[in-house]
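In this document, chain identifiers A, B, C and D correspond to the written order of the chains, with residue numbering beginning at 1 in each.
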Amino acid sequence: MSDLFLFHLAGLLLLGLGFYGLARRRSLVGMLIALELLLNGAGLSVAASCQLGGGDPVAGQLTSLLIMGLAAAEATLVVAIILVVTLRAGDSNIDSVSELKG
Amino acid sequence: MSLDTPLLSLLLGLAAILAFAGANGIVLVWVERKVAGRCQRRPGPLHVGPYGLLQPLADALKLISKQLITPRRSDRLLYWGAPLLSFMPVPICFLPLPFLPEMATVRLNLGLILILSFIGLNSISLCLAGLGSNNKWSLLGAARAIAQTVSFEIPLLLAALTAVFMAGSMDLHEVMAAQGPWPWQWFGFMNPLALLLFLISAVAETNRAPFDLPEAESELTAGFHTEYSGMGFGIFFLAEYAYILIICGVAAALFLGGQQGPVAPGPWWFLAKMYALVLLVIQLRWTLPRVRFDQLLNLCWRWMTPAALLNILATMLVMLALKGA
Amino acid sequence: MNSAAHIVYVFHLLVILAGGLVATRAVQKDRALVGLITAMFGVAGMYLLMNAPYLALMQLMIYAGAVGVLIFFAVMFTRPAQGQEERGRYLKRPLMAVAAGLLPAATLAAGAFLFIRQAKAQAPEIPVVQLGAGLLGRYALAFELISVVLFAAMAGGVLLGFERRRRR
Amino acid sequence: MFGAITKAYGALKSIAVGLGITGRAVFQEQSTVIYPMAEVKNLGHYRGHIELVGSDADPARPRCVACGQCMDMCPSGCITVETAMAPAELKTNAFIRAESIMGQLTPAAHFDVMIGEREPKRFVLDYSACSLCGQCVRNCPAGALRFSTHAYFLSRDRADFVLDLKERLAGQAEQARQAEQARQAEQARQASGSPQAEGGRTHE
């Protein structure tokens, strides 16, 4: 097994854990946490591909940084959404916001 | 076995750093109490040892011998993980500080980023303490700590970046080398606004008065460490002083020329500058009243962040002009 | 990687696994968050292993220092008065969740195993200067784009956060 | 923009001024007296337990007319006055004051009987029960009570806090007499210009 594959394995582990958590969690905060795991895995895989594979290492690291920035932006928004949902529905459980209320 | 073995030298370096951090905490507690006393025209610690020098040791003994109490409905894991996490980054942050001309342990070309990213972890430990204690005051203190550190990290980083721009490197040794021995050759003299912004944000980052809202005792009893007894509290305390020292060391290296100085050898200059800044921070605590929370955030977002951005822009323009000329 | 590096790799992998499991399985949200931060530390270690120290530090600074702390805020907001955080209404069939995680990961892992042909043995260390040149030169558009996205997200977050509780 | 700069300048200046004040305080003399090692000098405003005031004629003899007002007024009941008839020749000068204060409340005739004819045989204060309220001092018709400056009053024995104030007054008078004698002797020595006096203390 090459080193590249090992790093991909770690990234895929995070991916699997992220999907697992997304499917298992019922609260928005739990899902956000799972999503962060997933994004971490993506960043790891991209950086590994470019560091050890054929790509441009600069591009790989920058893409990884980009993913981090994206994660930060997404977390900001989701936290705001969680705040609104909690204020409106009383808790941050996705079941309690699944109904349409006028 | 020679000292050249990397592992051994690393271990020795770590032991030295831990010893330094611990001794520094003890000495700084004494200095803080003495300065506090003198600022209020009273003597400060007096009775244990000459000039009360052994008072912090006695306090440490007391803290160590106290029972460690875990509140009944607290989350044990988070509750005891928090003080450990608050001290954990300290030795790592000490590694890139340029104490000696050629400190053998680690010389990183990303030293500044290393320190700043690990200092940011302190806020996580405060969060853990706040959430783990299951106490309203702790939770409020933690919420304040988050808002404060997240906000003030921005002007801190921007001010530090200004010095990085001027030196062209993130290695603290090289930043020092880019400055001269005389005060007018220091970045802090060339760019006093950056130094000022850095110092203010540093005080806020380390949760020191006048920005000690996370532990404002008149409002939140003791903020995030309300529930901690014995060494749980002691470790928070030690970590606080270690962070003050680290951030003052960074300021000394970035803005005050670090080891640069006439006559005396470099390490002494560095220590002198670092402790002068620490003294300033301590005296600031006993001079200014605590700010209100909205004042704190206003100060950060409406004053310091724009000022830091403008400053970094101005610095770039001046540097370009100098380069062109 | 030499054998020492392999040991370090396995250690980081275990850290990621443990952190991830806590993050996805813990009942209390604050513990889940601690798991997430642990996993982030593991990933930072991975970055160090692949010779990208700048990325590792950024991982700590952005993920652990900023995103983790942000999620702490969310946890505090949604903290119920007392007791368990998740009210035991998990997915009916936990197997489905496992499958949801395992299937894509396993497929991709198999693909990676089959199709990785050439790989460097030693990753190059990119100096920060080169990264900065890339950010301001070739990849400037992406850099600008992410700043716009961040700004939009912040503005959106502020707008959402200012919404008052609805009057009944 | 300009307003912002002046505002920031003002804020920084105020910080600098504050630092200057505390910085100066660091090098100034301490105003705290470290109690067991140093003695407090400004005891003028200290209000300790009560003590008797000596009469103008004889400092060792109290002005007290043993009327018992203090005993009645004391909320803690910590004062005990035993009455005795005074020697016939004694006329206290408390008459005018007593008349002016108490005349409205008590028939003057009653006073005439009391004044000059009674004095305390014993005046005992149980300091351990006293709450230092000062009712006795305030209500004394003869002005015979005041707060002492007896600050360094320590004991391990509770019985030591039962004070015979008449004895105390006599002791104080004796001390004052001796101090006066010593002072006079000192003055005499200084006047004669003896060399011993040069290093001597000249405090009042």
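The rule we apply is simple: a residue touches a chain if its C-beta (ideal position, glycine included) is under 8 Å from a C-beta of that chain, and two chains touch if they have at least 3 such contacts.
Everything numeric here is computed off the predicted structure, so don't read it as measured data.
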More contacts between chains, A-C or B-C: A-C
Mean-CA-position distance for subunit C and subunit B (Å): 28
Inter-centroid spacing, subunit C versus subunit A (mean Cα positions, whole Å): 6
Centre distance in Å when subunit A and subunit B are each reduced to the mean of their C-alpha atoms: 32
Intercentroid distance (Cα basis), subunit D paired with subunit A, Å: 79
In subunit B, residues with contacts to at least two other chains: none
Shared interface positions of subunit D, touching two or more other chains: none
Residues of subunit A touching at least two other chains: none
Category of the chain touch graph - line, ring, star, complete, other: line
Complete list of chain pairs which touch one another: A-C, B-C, B-D
List of subunit B residues in touch with subunit C within their complex: 73, 75, 77-78, 81, 108-110, 113-114, 116-118, 120-121, 123-124, 127-128, 130-132, 139, 142-143, 146, 149-150, 153, 170
Parts of subunit B lying in touch with subunit D, wherever the complex brings them together: 35, 38-43, 46, 196, 280, 283-284, 286-288, 303, 307
Residues of subunit C defined as touching subunit B within the complex: 28, 30-31, 34, 37, 53-54, 57-58, 60-61, 64-66, 68-70, 72-73, 75-76, 79, 82, 127-128
Subunit A contact footprint on subunit C (complex, rising order): 1, 9, 12-13, 16-17, 20-21, 23-25, 29, 32-33, 35-36, 39-40, 42-43, 46-47, 49-52, 54-55, 58-59, 62-63, 66-67, 70-71, 73-75, 77-78, 80, 85-87, 89-91, 94, 96-98, 100-102, 104-106, 108-109, 112-113, 116, 118-121, 123-124, 126, 130-131, 134-135, 138-139, 142-143, 146, 149-150, 152-154, 156-161, 163, 165-166
Subunit B-touching residues of subunit D, taken from the complex the two chains share: 4, 8, 12, 15, 18-19, 21-23, 25-32, 34
